[in-house]
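Quick heads-up: structures coming right below.
You will see two complexes here that share subunit A, one where it goes with subunit B and one where it goes with subunit C.
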Partner chain A sequence: MTGSRRLPLLLLPAGIFVLAVYVWPTLLLLRNAFNEVGPTGAMVEAWSLKTATETFADGFTIELTLNSLQLSLSATAIALALSYPLSLFLFRTDSRFRGLLAVIAILPMLISGVVRVFGWLAILGDRGLVNTLLQSLGLISAPIKLVFNWTGVTIGLAESIMPYMILALLAGFGQLDRTLEEASRSLGASPLRTFWRVTLPLSLPAIVLAAGLGFVLSMSAYITPKLLGGGRVFVLATEIFEQATTNTNWPVAAVLAIYTLGLLLLLLVVSNLLARGLKR
Partner chain B sequence: MPTRRLILQTGLATIAMPAVLRAQSLSGQITLMSYAGIFQDNYTKAVVEPFMAANPGVKVNYAPGGTSAQMVGSVRAQKADPQIDVVIMDVTTSSIGNLEGLFEKLTPAEFPVLEELAPEARAAGGEFGPAVTFDHLVLVYDTQNLKPAITKLADLWRPDLKGQIALSAPPNIQGLALTAMVEKMEGGDHRKSIDAAMKKLKELAPSINTFEPNPDGYSLILNGVVKVATGWNARSQLYGDQSGGKIGTLLPPEGSVFQINTINLTAGSKNRAAAAAFVKHALSQPAQKAFTERMFYAPTNAKAQIDAKALARTAAAPESRANMIPVDWNDILKVRDQWNNRWRREVISAAR
Partner chain C sequence: MSYLELAGLQKRYGGSVAVDDVSLSVEKGESVALLGPSGCGKTTTLRMLAGLIQPDRGTIRVDDVEITRLAAHKRNMGYVFQSYALFPHLTVSRNVAFGLEERGIGKAEIARQVEEGLALVRLDGLGGRRPRELSGGQQQRVALARALVIHPSVLLLDESLSNLDAKLRDTMRHEIRSIQRSLGITTLFVTHDQVEALTMCDRIAVMNRGRIAQIGTAEDIYERPATRFVAEFVGRANALPATRDTEGKVVLWGAAHPVAAPPQGAFDLFVRPQRMRIVSASEPTGGETVRVTGRVLRSVFVGDHVEVLVEGAGGQLAVEMPSGTTAPTEGAEVAVIWQAKDSLPFACEAA
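So, the complex of A and B:
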């Protein structure tokens, strides 16, 4: 057996691991999607499409999907608007603290999602930092509702996906050739025009990659909508959890989980195709 | 020549031998799954540790199982190879487990302690694990910062409480219980319709700070996030004591709803003898007395002699019993999804 033929063997340990911890549980999930739940809440083993049919016939599933898409879009747009200039700065800076600054930018990844969310509650709550500051400046007389609603969830989610998007942008900026920007400037283009006509188009594949990643992470986010939503924010991830752990309705939870997985795969494929098209 | 006394002694010894052997043979480990936090701390001290002291060969591992639905989910996932021997959980989920064959039927022949239980405790589990604690829904409030204090359920609609209320919406059972209470307050009957409750709760929606208190309503009051929350009597009483009186507990005069925890013996338990012994112990008079006096859950063993002061703070107090709305949780289970949807579309949407 030649060396190159043996190469796939290197995939074996990871392959076995993925089979055991991902493929097998996903198949079990799929199996559950065919079960039914009786009127008393007890699960009945079956091979039926009744649960799936009823779930998709329920208008609430469409509402959940639209809510998830809308929330992911808003959070990704905010995170991108904040991450792009930051990543560009980190990519371009010659500062000797560049490494340290990059670590600081992705530091939130090292903190538990739950802790981060409780941090946001302390900042955005009625008696939090923002409301206290605005009230002490006399700008508002009563606290503005910044948590336990869509606003809080969007802010928290945007912050939680930023580190991932920064890493994706930094990785994608490899194609950004500084000499092209210098050529643009030497031909008389203003810095703004150079950015608009040269830098931005060249960094589009990185933007698409980062946005795709941010969108997918937002779609599957559970902790932030659950804890910052105050029971008012209904998205696919929270509904899956609710059905599985409060209603004991595993079949509906399984149907929604498989559906969300399909949506995410579709989004990843579209995002990758778009990024490839832009690279060409 | 065998004397009469010797024959009598031999006879008695023969009769008693199986029980003696059974008591002596109790050994190994069992896993008890139930709620985490203060329930775990107090149940361990009041019930688990005395059981282990009386049965030195048995170790009880307390596994905190999250919500009742999560617990029944754990037992369901381990149906082929049970790792949990005894589960204490809400009756709405244990009844699902009973229907799915996850738990054993208990007979008075093997569990004579069943005969000591209050009739409603036996009825809660049917032929399966009976009620082990009773509790009821209360309003929890900040005694220091809420002036005047709330005195009735209708006070939730007070204008000064706008943005100051945390309540657990359905499918959480607190939300389901509240629906029945508001329906009764409005002169209706939840068994017929919840229209009046929905209309009234929709008016309350703008006052709600969160429909999903995390970690719970008691903590949000202690942290000053809200001034009123829905809660369970036993926990509220204990938090009230622990917080030096900051947490107040109100049993609404308009009525409340019982919450029932049942104790369930897992079918296929690997150490059934020890698990069954634990169930008997948990339902026994001393264990029921110890836990009630420690955490204010009402006892289900009618013969347990509870300290009068402790009993007055439980769901078993005459004042509490008189105020209870008859709710059959098995019936509620059938309309839970429907109520849940109405809350989302009529109440929560009005609060956005």
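So, the complex of A and C:
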């Protein structure tokens, strides 16, 4: 009993850390969101909703939100389509290379985002791997635009969130017992039917969890849309950075940041509820 | 030709042989146990039957049709898994209906058969529950119903009772046996529990190291074990180191006995503890009786019998006396006697 009563002590170090580097700055951000910008562009201390109302009245904010949602949705869908079969294989295989394969699958996590983006530029650029190959095969005459547009950002985002989604899927597959699939087959279900009736329903909680994580990571990604978008793709994260640095408009940056945070929290709650509902 | 024929089945994993040349014939409606210690290949054999693994060699025939390479879902085998393998995302009814749905049977007919199946295992009214809301015994019944409603050509039970507590296991044993009998369903039952094998099956195949050591009725296996392994594995037995005299008689604890010794090699005499009797050291015996003398080390009351440990010139032996009889006091000099025909000599295994 004393053990469980002392358990919260274990949370103390992390709690203090989070308080200092996350909660406190977020509160400062919240304070800034109520400030105004004077005619000179300088920040004016205030307690008003003027900045917020102006920001949300601006059509560009809606456009940014839709861009972010659409990009995140397509990146998550692509990443899920690629990581689900891969994770299922990793979860199932008896290969002695399983550990190695898993490490390879999540290796991109260990590489700096900037370096990864430059890798994609080398592959997808006008004189990159893909275009050179397609041109030498005579399939295309002029290079296809694969970077500095939506396509590039979507590909880059999908790749960057895959390792996290693979880890989430592997962790979520707990309920998947191979015996259940054997039972299904012994009862007359073909492998395809077994996947449809047993494997897929039992891995739905893992899918929802992974998709939620991938989506949130895509929404908050900055480097990939900034560099692979080449200044032509505008999302919430890039706009917050623009406002805070180039325009030094802290109140607007703060309003957008709090708004994005709210969106992400909402998404996390929804995906968690969904995953829990499915596990029931 | 029998209903179910396994011929020369073999399965290797890397360098080790899991199942080595298993042949078995089972008649329609018969119940056969595959009995053996863990790792003897009994489950592997069952899984090959179900098509969950492919044999490297050998054939499987059911009702004169070869199914050795047939996909698992086309075999129509009712498999009851050790862990029950109930689908956690489906209700009890949907679990039982699963195989029927895969067979494209009409909804009303499925509902009727599910009802019937649940009634058969006495789970009427629990169809709406989720598997995890049921007790272990109830889950076991659902698994059984699910395997039975598809009218399988063979029912395969894989250690199906080992996760239940002792009392429930006893009940389920009799229940499964009576269902199996009343439906006349051909059954193969994998177990490491000899009581299960002895009580639930018409015949028992004792397996050891991937091979069948002996096939026979419970009585055959128990009374006339074919090998030392079978004698040791099924039932309890005293393995008494013995030698032979010049006439070829068994010499045990320093005296010759009216039992023929094997012609050569070191051997032990196997005697079931409940076939032995303890008499006073002075009581004479004659005829075809083996008699050794010793001192009682201790008597242990085990409930349905009293176990008496006797030490003599050649070592120790255990005697099981029916409880209710008066056990000899510790330290008493006694004679242990048994019928000569109850002694089975088996060669010592080469170390």
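Following the convention adopted for this analysis, the second predicted complex is superposed on the first by the 279 of 280 C-alpha atoms of A that agree within 3 Å, B and C clash if a C-alpha of one lies under 4 Å from a C-alpha of the other, contacts with A are read in each partner's own complex, and residues count from 1 in each chain.
As a working rule, contacts are C-beta pairs under 8 Å (C-beta built on N, C-alpha and C of every residue); 3 or more make two chains touch, one makes a residue touch a chain.
All figures in this text were calculated on a predicted structure; none of them were measured in a lab.
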Task: Could you classify subunit B and subunit C on subunit A, in the superposed arrangement, as clash or fit?
output: fit
Message: Under the stated touch criterion, which partner chain does A:Arg232 make contact with: subunit B (first), subunit C (second), both, or neither?
response: first
- prompt: Of the two partner chains, subunit B (first) and subunit C (second), which one does A:Ser136 touch, if any: first, second, both, or neither?
  reply: neither
Message: Per the contact definition in the header, classify A:Pro201: touching subunit B only (first), subunit C only (second), both, or neither.
response: second
Query: Touching A:Ser184, do we find subunit B (first), subunit C (second), both, or neither?
result: second
Message: Can you tell me whether subunit B or subunit C touches more residues on subunit A?
response: B
Message: Looking at A:Ser112 after the superposition, I want to know if it touches subunit B, subunit C, both of them or none. Which is it: first, second, both, neither?
response: neither
Message: After the superposition on A, what does A:Gly125 contact: first (subunit B), second (subunit C), both or neither?
response: first
Query: In the superposed model, how near does subunit B get to subunit C, counting Cα atoms only, in Å?
result: 47
- request: State which residues of subunit A lie in both footprints, the one left by subunit B and the one left by subunit C.
  value: none
Query: Which residues of subunit B touch subunit A in their complex?
result: 66-67, 69-70, 72-73, 76, 92-93, 95-96, 99-100, 163, 168-169, 171-172, 209-212, 214, 224-225, 330, 333-334, 336-337, 340-341, 344, 348, 351-352
Residue ranges of subunit A in contact with subunit C within the complex: 175, 177, 179-180, 182-191, 193-194, 197-198, 201-202
- prompt: Which residues of subunit C touch subunit A in their complex?
  reply: 50-52, 71-79, 81, 83, 85-89, 98-99, 102-103, 146-147, 150
Contacting residues of subunit A [partner subunit B, same complex]: 38-43, 60, 125-127, 143, 145, 148-150, 226-227, 229-232, 234, 242, 244-248, 250
